[in-house]
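First subunit A sits with subunit B, and in the next complex the same chain sits with subunit C.
So, the complex of A and B:
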């Protein structure tokens, strides 16, 4: 394989893994709660700002500037966004589901869309419009192969993504709570009958989505900076990925993310970089023409 | 007890965000209404819009403090155009038909300006462009449209002149998918022909909202191998390109210089916060130099900015101030708020702005109603964290303090 193509493939896979992390939270919430969370991009943004606040010395706590190591800031940022996710579930989404209204999913979409705008404009007014960069996870450029160097932070983000994707898959498929989540995703009424607390599953799903989005936002903050609308494009890619992978399929989302990363990377140089963000939609249309339920989605009947 | 440090910066934004509503110059009584437009929210360059609006506001405040215009206070009505051409056109229609402004100034994105000038032209209302650089705006030849900001072909000629003077034979560019971005690439091509420079130039158009530019940068690094990479992508895209070019060890490097064609690097504190050590050796093409003495008015504006924000201004508040100053002076000179009288006064205008003596050319083409002598500079940061005022001036020759430094 030509070295130049190899370099593009490596970058594509790395970017795909980063996409996967963003898409995972979306797919978890969708599969469990049937909510298309339009504010997921802002959860991502909050992860970045949380890391910045904890590590860059921009925030003082009792007159002492907070300058934690980024590696310590990462889990704290994840937890902060997870807590925010729980608050959103408790304060905004649960009332919709417990109000016995028709079409709660549609109300939830409008709610999350409103939340997205609120958070974006809130960040603009409170934190300001300018780009911020928290400290680095892995400083400098790293030699990959031949003449290919990539940023240490980008590599760290990709490596951590692999770990977090693995941990999420283990949690979903290998633990009782994960199986209960899957059961809730498949049949909410049936799950209730067998004793699963579906409200608790909703909380777990939102917390998990917050953890993953917070991780993505914090990990990518040193790579792509943090600013109020930083989550806009990633969340659109996330939607493409979950549809491409098969709505609700976690493994499908991971595979779709890597495919998308590769297509964008190779398409940018072999077709045109001007249409980089269009490739995602071309792939989506192509796959849906032949597999309307996505790569690993299952034809299912809702109960 | 949590306290955020960026208070000054924030208060600036909060102030300007509030201007989506109207800024009333007086509590009561008759006023002269002037419109202002700028991107204040996504997907527009909301980092730049508030800086431009600040200049518009300060000019209005100074006129009002000195007794207003034609004995009346000025009421500035600013709207957010979000960087969207349809929003720009709608906002201008509203300013003219509902708010009844007699003239307007401002705007940052060329593509938005392009939509806006059509509405101004249709209604015959004068408009002084704040900071849209595309040549096509003045080339349209509309009687109502004037420009105090720099224009793309002038910047392109400067960049080509610097490249030719430094023996650069191969240049590549990444430009954003807007009128400004594509315009500057085409202007560089034209300037190479016009100046008969022996430079092999190619460019690629990128989506300014993209996050990963590594694929195209890898292509440039391994296959094109330019001696200079010219980037005409506004922030945050421009900052990301610089970070990523640095990460893959492409530019700035001994082999490949990096030239920021948007001048976003001039906002030094923001620039260094975002790009850290990737910014060392970056060249930038700008319509203002903090190290070159401004007019007395310009120095006062600069001092006011530094005392308020604790950092050097970039070119935008100055361009905003100059646009509004020209407009209000023309209304004063016209002795009337009639559109035709204001346009006539703008054509005959001679006023000392923040960066020099402003007058509008009556020639055709890109110079139609353009301030031809608008200053432009090329600088280079040679140290990490360097202030824009300490950056080496490379162009024009009479102000040059150094030659290009390579890593």
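So, the complex of A and C:
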């Protein structure tokens, strides 16, 4: 057995799972609010920085340096990013669906793009362009089979992702709040009529997106370190995935994420490593051209 | 045009022409002034797409880059030895003199003269703009933004990866468009060339948006379906908006590169550049011709003042301004000014050109 290929396949799946965390948040926000959050990559970045601030001892609280165990830091970082997401919804995105405004799509895209630049350059100005290393979740590399070793942090990230994706799917398909979310995604006016508080659904969607993006950022922080534009490439992967899976489709996003992870890993084995990031864009453009509703998305019907 | 508008235009042009005279011994400030003009062209042509035709494209910086790289590669001898000698062998010596230059320069002996290649750069950008416009016909709103973002990043990555041809992040050295006798660039002349292109851009856009074509664009922006029902040829005018704006962006990118940049790097296609163009248009005032001009001047001047604070602080400020403007006054700075001026009847209220 060629362990090199096996390693690439496993790596592809691991990346796919992390991409799925990012894409799930994007797709939930899109399905509820019809907003593509261009600042989602900075949510991811904030997750990494939050973990760093909580665990590395660089930040002092009442003159005590904060050195929490990373396993405690992870949920705290997720919650911090979720709160930030709620603030963004409340402060900036709410007019998109409450006020009567011209071209709300344009407003949402420009606003979130501006927010993305604001957070990136805010991080550059305040903490600088340096790469920061938060503590490890699971140190060392683990022996899998034969000559195959994998980094403990990557394995931990993959396992946690599986758990979080499962929890999200359960939340959406198995609870009343999740059903209300799906109802709001299908028909906003209709769900208001049956008594769903759609504004609360927006908040839930943004909080969920913040939790998942924060988790992805924190989980990968020990592997790829944290720096201000760390979120740029992952978020673009997230865009590709939600388009490939069908905008607003939750299961589609998970499937598309794993497909993209595999395409990238195997593409870089069989074709070219340098073009790794280009594959994603080619998939994006191809899907938008030939199958705009994606793998599992519904065909858009214009009224 | 009202008298006030005419006076302002003449004063602005006079001011633009006076800058190289006033600053003739300060080449740095002339460079800054030229970068203002470069951003005016980019922001104005992007404004045609978003402000008039309602197509939110993130690929505008990529088109400037495509224009610059096309022109740069041609003039730096990308066509190569074999191509030029084969032209001579086939009895096309005239073409070879034109494209390859007989003894154009020691370093770029087989390059096209930049005076020709800049137009090729603009044409290639317009052509690729046509392709992207065709590809984006069915995509709208967030899909269009994602498509153009993907396109822009793909172009940047390809330019970076194919370093055998483009020299990637090392930077591609390209010849000057205009040099004095000692082989150094003359910034004042470069500035005047940029000014000429800026004036051409603004004049073309003025006649375009004040004709019935401008009404087509606005109709598409307000509601594509209704516009189509009313008889606007969606395919034609959406693609035209892309071709015109990317053509100007490509030309501006190429000319600015040959006059002031000299070393091309894929960094000029970063989303950051797109952020600058976006910020200038939004802060100045979307959907007006004056807005992007005001925005470009204001933001570049602010940028120069903020260089001492931190190399990144300007972008933080611009992003904050974009958020504030979008949230509280979407018509931008010029929109605020225009409201006052309209009340005093200084600028025309109705569109000056109506369709019969």
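Convention: the second predicted complex is superposed on the first by the 286 of 303 C-alpha atoms of A that agree within 3 Å, B and C clash if a C-alpha of one lies under 4 Å from a C-alpha of the other, contacts with A are read in each partner's own complex, and residues count from 1 in each chain.
As a convention for this text, a contact is a pair of C-beta atoms (placed from the backbone, for glycine too) under 8 Å apart; a residue touches a chain by one contact, two chains touch by 3 or more.
Here the structure is a predicted model, which means the values were calculated and not measured.
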Subunit B versus subunit C on the shared subunit A, clash or fit?
-> clash
So, does A:148 touch the first partner subunit B, the second partner subunit C, both, or neither?
-> first
Given the touch rule stated above, what does A:277 touch, subunit B (first), subunit C (second), both, or neither?
-> both
Of the two partner chains, subunit B (first) and subunit C (second), which one does A:62 touch, if any: first, second, both, or neither?
-> first
Of the two partner chains, subunit B (first) and subunit C (second), which one does A:36 touch, if any: first, second, both, or neither?
-> second
What is the contact status of A:133 with respect to subunit B (first) and subunit C (second): first, second, both, or neither?
-> first
Please indicate which partner A:204 is in contact with in the superposed arrangement: first for subunit B, second for subunit C, both, or neither.
-> neither
Look at A:184 in the shared chain and tell me whether it touches subunit B only, subunit C only, both, or neither; answer first, second, both or neither.
-> neither
Check the residue A:249 against both partner chains and state whether it touches subunit B (first), subunit C (second), both, or neither.
-> neither
Looking at the overlay, does A:161 come into contact with subunit B only (first), subunit C only (second), both, or neither?
-> neither
Running into subunit C, out of the candidates 111-119, 291-299, 363-371 or 399-407 in subunit B, is stretch 111-119
So which positions on subunit A get touched by both subunit B and subunit C?
-> 120-121, 124-125, 232, 274-275, 277
What does subunit C use to touch subunit A in their complex?
-> 50, 54, 56, 135, 138-139, 141-143, 145-147, 149-151, 153-154, 157-158, 161, 221, 225, 271-272, 275, 278-279, 282, 310, 312-313, 315-316, 318-320, 322-323, 326-327, 330
Could you pull out which subunit A residues touch subunit C in their complex?
-> 30, 34-36, 38, 92, 95, 102-103, 105-111, 113-115, 117-118, 120-122, 124-125, 232, 236, 239-240, 243, 247, 274-275, 277-278, 281-282, 284-285, 288-289, 292, 302
Subunit A partner contacts - residues on subunit B that touch it in the complex = 1-6, 9-10, 13-14, 17, 41-43, 46-47, 50, 177, 204-207, 209-216, 218-219, 221-223, 235-236, 239-240, 243-244, 246-249, 270, 273-276
Residues of subunit A touching subunit B in the complex = 3-4, 7-8, 11-12, 15, 58-63, 120-121, 124-133, 141, 147-151, 154, 223-225, 227-230, 232-234, 264-266, 268-269, 272-277
